[in-house]
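Next come two complexes, and both contain chain A; in the first it sits with chain B, in the second with chain C.
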Partner chain A sequence: MVTFILRRVGVMVLTAICLTFIVFFLTNLYPNLEKLAKTQGNFRMTDAEVESYLGRNGYLDPMLVKYGRWIGVWPGWVIEEEGATRGRCIEPGQPPEEAPRFCGILQGDWGFSTVFRKDVGVITGEKLALTGWLMLWVMVLMVPSALMLGVLAGMREGSRTDRTLSTFAITTTATPEYVSGVLFIAVFASSAVGLQWFKGTATGAVDKPTFENFFLPVLTIALYGMGYIARMTRASMAEVMTAQYIRTARLKGVSFPNIVLKHALRNALIAPFTVIMLQFPWLLNGVVIVETLFNYKGFGWTLVQAASNNDIELLLAVSVVSVVVVLVTQLISDIGYVYLNPRISVS
Partner chain B sequence: MDPLSWTDIFLRIAAQLAPVWIALIATFALSITFKRRLGLYGKLFDSPIGMVGFGLVMFWTYTGIFAGAFDLILTHDVLDQSASMKNKGPGTPFTQMMGTPDPNAYPYYLLGGDNLGRDVFSRMVVGAWEVIKIAPFASLFAFMVGITLGLPAGYHGGRLDTVLSFLANLILAFPVILLFYLLVTPEIIQTGIPVYMAAVLFVFPIIFLVLLWNSRFHTQPATRNLYVGITLLVGTWLYLGIAWNADPLGIVSFPPNLLVVFVAVVFVNAPTVFRIVRGLTMDIKTRDYVAAAQTRGEGTWYIMLWEILPNVRGPLIVDFCLRIGYTTILLGTLGFFGLGLSPESPDWGSTINEGRKLLSMYLHPALPPAIALLSLVLGLNLLADGLREESLRD
Partner chain C sequence: MAEHDAPILEIENLSISFFTRLHEIPAVMDFSVTVRPGEAVGLVGESGCGKSTVALGVMRDLGVNGRIVGGTVRFKGRDLGTMSAAELRAIRGREIAMIYQEPMASLNPAMRVGRQLMEVPMIHEGISRTEARARALEVVGDVKLPDPERILDSYPHQLSGGQQQRIVIAMALMSKPSLLILDEPTTALDVTVEAAVVDLVKDLGRKYGTSMLFISHNLGLVLETCDRICVMYSGEAVETGSVRDVFDRMQHPYTQALFRSIPLPGTDKNAQPLKAIPGNFPLPHERPTGCNFGPRCDYFRAGQCDAGDIAMARIEGSDRHFTRCLRVAEIDWTAPLQKTGTVEATPPGKVVLRIENLRKYYEVAANALFGGGGATKVVKANESLSFEARESETLAIVGESGCGKSTLAKMLMGLETATDGAILLDNRNIEQTPIERRDTQTVADIQMVFQNPFDTLNPSMTVGRQIIRALEVFGIGATDRERRDEMLRLLDLVKLPREFAGRMPRQLSGGQKQRVGIARAFAGGARIVVADEPVSALDVSVQAAVTDLLMEIQRKQKTTLLFISHDLSIVRYLSDRVMVMYLGHVVELGTTDQVFAPPYHPYTEALLSAVPIADTRVKKTHIVLEGDVPSAMNPPPGCPFQTRCRWKPEVPGGLCEREVPAIRELAPGHQVKCHLSADALSCW
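== the complex of A and B ==
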């Protein structure tokens, strides 16, 4: 088991390095840097001015050197101009001699966001907390209702309940967040329909989440993932219900609710567990869409801001976080599956 | 003129869609009559869910084709703006701020006007065409790539499998939206990366077909040469035109912003197909008929393409339907974030994004494209469900 986990962690680190390098490479292509220079300076910069701006800020060094600096294994750039010394690792007002030679993520320095004018580490932390709160409520709403839907549909396969619930599950998987979100806002929040039970934006939920401004975003994300988990649970439940030991229990005269709750449920929940863990990457997608739609200034919203302004260091931090989330959940789902299912052994 | 009532609006929309109804009825009548001779497709008409799904899918397919390719259904040009029609509700008579309207123009905006005074109904209908012309082909390309790489990975295993699986997992670990934001921007198009990606991805269909013909007919050189020759000739011609925009005859070309959307969607879908094909191949390769082919001394590509692939077609067809639906969702996502497609484009994602900004006041610009997208994807999912049920039955 230990070697298995170690190997997986090794692959994970390798994947993370490859992915961040791809992001780094794409964001550091010259046209992107030109855009960055123009947004930082002004939009009417000449090509020569762009070049000199980029040169002065260390953007024109070789790709691997820049990547090494970002990681923190290559010394940061230092430039002397007009008598003053500036450098990647030199804080404003700090004497150059006291500044560290390396400053990258290994040293805990995530860089500086060019859009928000703040430290990337601080922004990422704040935004993650906001999105974590959103995700928590999504899970609280999604998992129990999906499992319930799936178990109810799967316990009598082919019945009318099954048909109705399955159709509902298919419909939710066919409704991407930007469609369901728009429908919910139209029905529950617009003055045109007039119900106005909820708020159409979640901007206020950043400071003070209430049921009124927070429920629609949570519901929108939860609904898209719910259908998939419910269908998995249904399939697994339906399979378990045809097993020999369920028939034995029936013949012994155990009541139907008891069969479902005591005999079938535990075994039926192994497969959905993996699916729920693997839903995290999808939820991440949903979070980006929903935060944009409801203007909830969390992690997904930050991703959009960083990407559309080519804020390189913030975008890298965002992708590191999301890649780590994806890979860790994959790892947990693999390990959890082994623990839950005695028929599978790793070695 | 007075605005139309809702009944009138529905009747007029139904009348406007007349070619679609005719085509749908013809399709269903023919298919149901000959359903016993049509294999899996015919069996679809035994399952009510499958029929509903198929109906929805064909409805949007016909709508897209008639509206986009033949200019039949739409009532106004999708880009024509009329200042006096801004945000007007469904059924408002068509007027123009300046000058008199063309007497031949359709007298109403059936589903109202959007924030620039364009006809919502026409834009929704043409939006179907935007999906129909990308989604099925992008899914097909993703399948070609996934199959060409997934079969050997599953069949041979070993180092090849390790490397390919690592790459597939690498792409899958990327949040899709981040990938889109990195790939589908005007700056990246400037660097030419999408063209190189297209150059790599679009080779796979040619490789796939050449391998397919070669493994089957290598004992009959005449037939083999004919098939491989035609494939190479047509394939290279299309390849040069689509990927490099360098068609020697100047007929085939592909707009660069559409190419990047296409490439991004294929790139996101291919790893999933790869994983499915790999898994299925690993399962099937232990069967007796594969062992029999190995004993006969058949080549590995023959075994993979003509023994294994036909036997995994069931799950692959089902996944193909689901994948078109997923691709539709991805295209909508791209439009929603304003990536790739031009801002005036009538595709559903962009129209939803434009409409949502005024959603608290006006519902009619955002709801029709949202419902259209929902019903098409739902149709594809129901179709996949029906196909799965019917293919499992025997």
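== the complex of A and C ==
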């Protein structure tokens, strides 16, 4: 088991390097850099000025060198001009001798966000925590209810319960978040005609999340994702219920609730488990709409800001986080799969 | 005492129907059977005759669409039909238990064996976990599984097929039921494993005094296990009686036809060909009025047999022997089978295929799933095979699963290349040429008929198109028109009506599909046909027809037939020579008469004794092989069979455990791989 995990972690690191390089390459293409130079300097720069700006800030070095610097395995650039020494790793006001040679992700230096005027590491940490909190509650609401829905629908395929629950699941999945979100705000939060049970904005939730200001965004995301998991669970459950070993259990005299709980459930969860694990990366990026709609300044909102303002370092950090989340959840999904399915062993 | 003599199970005029949106499909009609305490009743018939539906009807587990529409099922005097769900649950597993056809599918893959066993008494008797575990240990010991503690803690996939079936049996016995329903319990198992399982069931039935309802299509098996038998045809019981009465004094044309279509010892493909039942099994909505068997019956008389429903009639002077035939009295049951014409045996011609010291080793990673690493192991699938096959000869290859017969077939076909040795086709080496590099003629020369006709035809292509496709591949016929004519000729050859060319495979029955498979194999004028269990997926009555067809084509085209099978009765019936394989070795090779008569190789002896024979006159020695076939990944040292051989003590000096025996010739053309002296071998 340990060697299996180690091997998987090795593969993960390799995948992460490849994926981040691709993102790095794309964000560091010349048109992007030109735009960066113009936003940092001024918009009426001539081509020559752009060139010199980029040169002075190490942007024109070979791609691999730049990538190495970003990772922290290649020394940062150092330029002497007009008597002062500037460098990638030299903080403003810091004597050049005291500055470290390397400064990249490995050293914990994620760069500087040009939009928020703050360290990228700090921003990502903060925003990730906020979105993590949102995701946690979405999962808490979505997974159990989706599984319950799926199991209840699938245990008697074609019954009235099945048809009702399936219709519900399809409806929720077919309703995009920007529709359901707006609808919920109108019904539950609008001051004119609504019930005014909840708040239509989650801005306050950043500092102090309460049921009142946090429930609507959670519900909006959960409903959308729930239908999908429920459909998967239902299909898997319905198939398991026709298996011969279920007949064996039935003819052993096992009661129906016990057949479902003891015999069918574990077998039926194998397929949806992978889907649930795939929901994490989806949630991370899928929250964009909801976070914007409810004005919750989390990870998705940051992503939008970074992308629209050409904030290269922040974009890179966001993509690294996404890649890591995808890979980690896949690892967990594989390990969980082994646990659920005794026919697969890793020893 | 009177209470004990009362029947355990009484089924009276039971009718079961399945309901679709539009139709009512009767699956079982007017079915009656009685099972007394300690009695074993066999339920025999072809697939689709409703025998499994009867079993599920007794269990009242017919699904959403099935319903009992008439008659009663009484268990110990109580009507099962009127019981509530809770009452039924109390009976299922505790009073009536069931053993199923596919052990792997009927055990929960995600639950340890122990928990599945313990569950039964915990539900029904409310006993504690520790008590249940003790009971499970005891029953697992009863079904003769080694190391019960380890077995209880394993998952089903960690056990072999035979062990799984023993677990299913153990599960059925956990609460000591009074009725056991066995639904084809050994169909998925090898013959030697089948013999052991049947033995076990009989012993346990005696030990616990359990009554049994034994469902099978294998008449031999029923003869070995049951006291009474009930023959079913198309949803009806056609004949019931004691096993002796039905086997020796059968009183229904279907029973007779069934017996005549299975090969018994002594039948021979040339002197006494099998007699297939003409026509096809009627689908439920196509049943004729009157006698269901009428259209296929030799004794059919219009106006009498198709007038109306026929009731079961008692045969005078017998022990509860009934038949559903109006003409019982008029038919001379003792009349010998009219010879369908003997055929001249074709003498074998020149050698077309020679195999010399052929070996196939596979290297497998110890851990295939997660990319291996670590040591690779060698699976010795075939060990130095040498034999030759002549023109128009049938060479049968027999052995249990895992003996290497399929690997041999794959090498012949070119799907695998040999590790060592030679395959000579007309003195040309082909063992290292994979199929994609063989020339068209070689590919057309060696063709295969597959085991499962249901999976080997492309479901979205018409029958004619599939045969034409084969003709195109083999480069036969210059134009489409010529190929079409050739295709129609092939359909004639396999005795399918020409209009089948435009049909889809799903519209064909199993036997018809297999005929298409045969037509496809012979499309390029194959000279060697490897038939891998060509009839084992088919019903008894169809088997005879397909086998005879193969024989007939062989005679016409002088084909060499390599007939791979585990069914020794059919092998004995149709083959000229037989090769017995065990763990990749050829342990015995000789003409059919030599192999099927002493002196035998010890493994052949065990194999022969394991085959159930549907003839009350045959008495056979009973040899049950202990344990499972060793893994080819880790074969025993010395003789491959030494771990299960009952003659091992006869060989002095532990020779069996040290050396692989050399091939010895006992008689011209009869070779055996055994350390036993010629005297010891011939002392049977």
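In this text, the second predicted complex is superposed on the first by the 327 of 347 C-alpha atoms of A that agree within 3 Å, B and C clash if a C-alpha of one lies under 4 Å from a C-alpha of the other, contacts with A are read in each partner's own complex, and residues count from 1 in each chain.
The rule we apply is simple: a residue touches a chain if its C-beta (ideal position, glycine included) is under 8 Å from a C-beta of that chain, and two chains touch if they have at least 3 such contacts.
Note that this is a predicted model, so its numbers are computed, not measured.
Of the two partner chains, chain C is the only one that A:A243 touches; chain B does not reach it.
After overlaying the two complexes on the shared chain, residue contacts for A:F116 are found with neither chain B nor chain C.
Of the two partner chains, neither chain B nor chain C is touched by A:F188. Touch criterion met: A:F4 reaches chain C, while chain B stays clear of it.
Shared-chain residue A:W133: touches no atom of chain B or chain C. In the superposed pair of complexes, A:P31 makes contact with chain B only, with no contact to chain C. Ranked by how many residues of chain A each touches, chain B and chain C are led by B. Of the two partner chains, chain C is the only one that A:R266 touches; chain B does not reach it. Once chain A of one complex is fitted onto chain A of the other, the partner contacts of A:Y337 are absent, as it touches neither chain B nor chain C. Residue ranges of chain B in contact with chain A, taken from their complex: 49, 166, 169-170, 172-178, 181-183, 185, 187-188, 190-191, 193, 325, 329, 332-333, 336-337, 349, 352-353, 355-356, 359-363, 366-367, 370, 373-374, 377-378, 380-382, 385.
Chain A meets chain B in the complex at residues 11, 14-15, 18-19, 23, 26-27, 29-32, 34-35, 167, 170-171, 173-176, 178-179, 182-183, 185-186, 189-193, 200, 281, 284-285, 288-289, 292-293, 303-304, 307-308, 310, 315, 318-319, 322-323, 326-327, 330.
Chain A meets chain C in the complex at residues 4, 7, 158, 243-245, 247-255, 262-263, 266-267, 340-344, 346.
In the complex of the two chains, the chain C residues touching chain A come out as 59, 61, 64, 89-94, 97-98, 100, 102, 105-111, 119-120, 123-124, 155, 157, 168, 171, 369-371.
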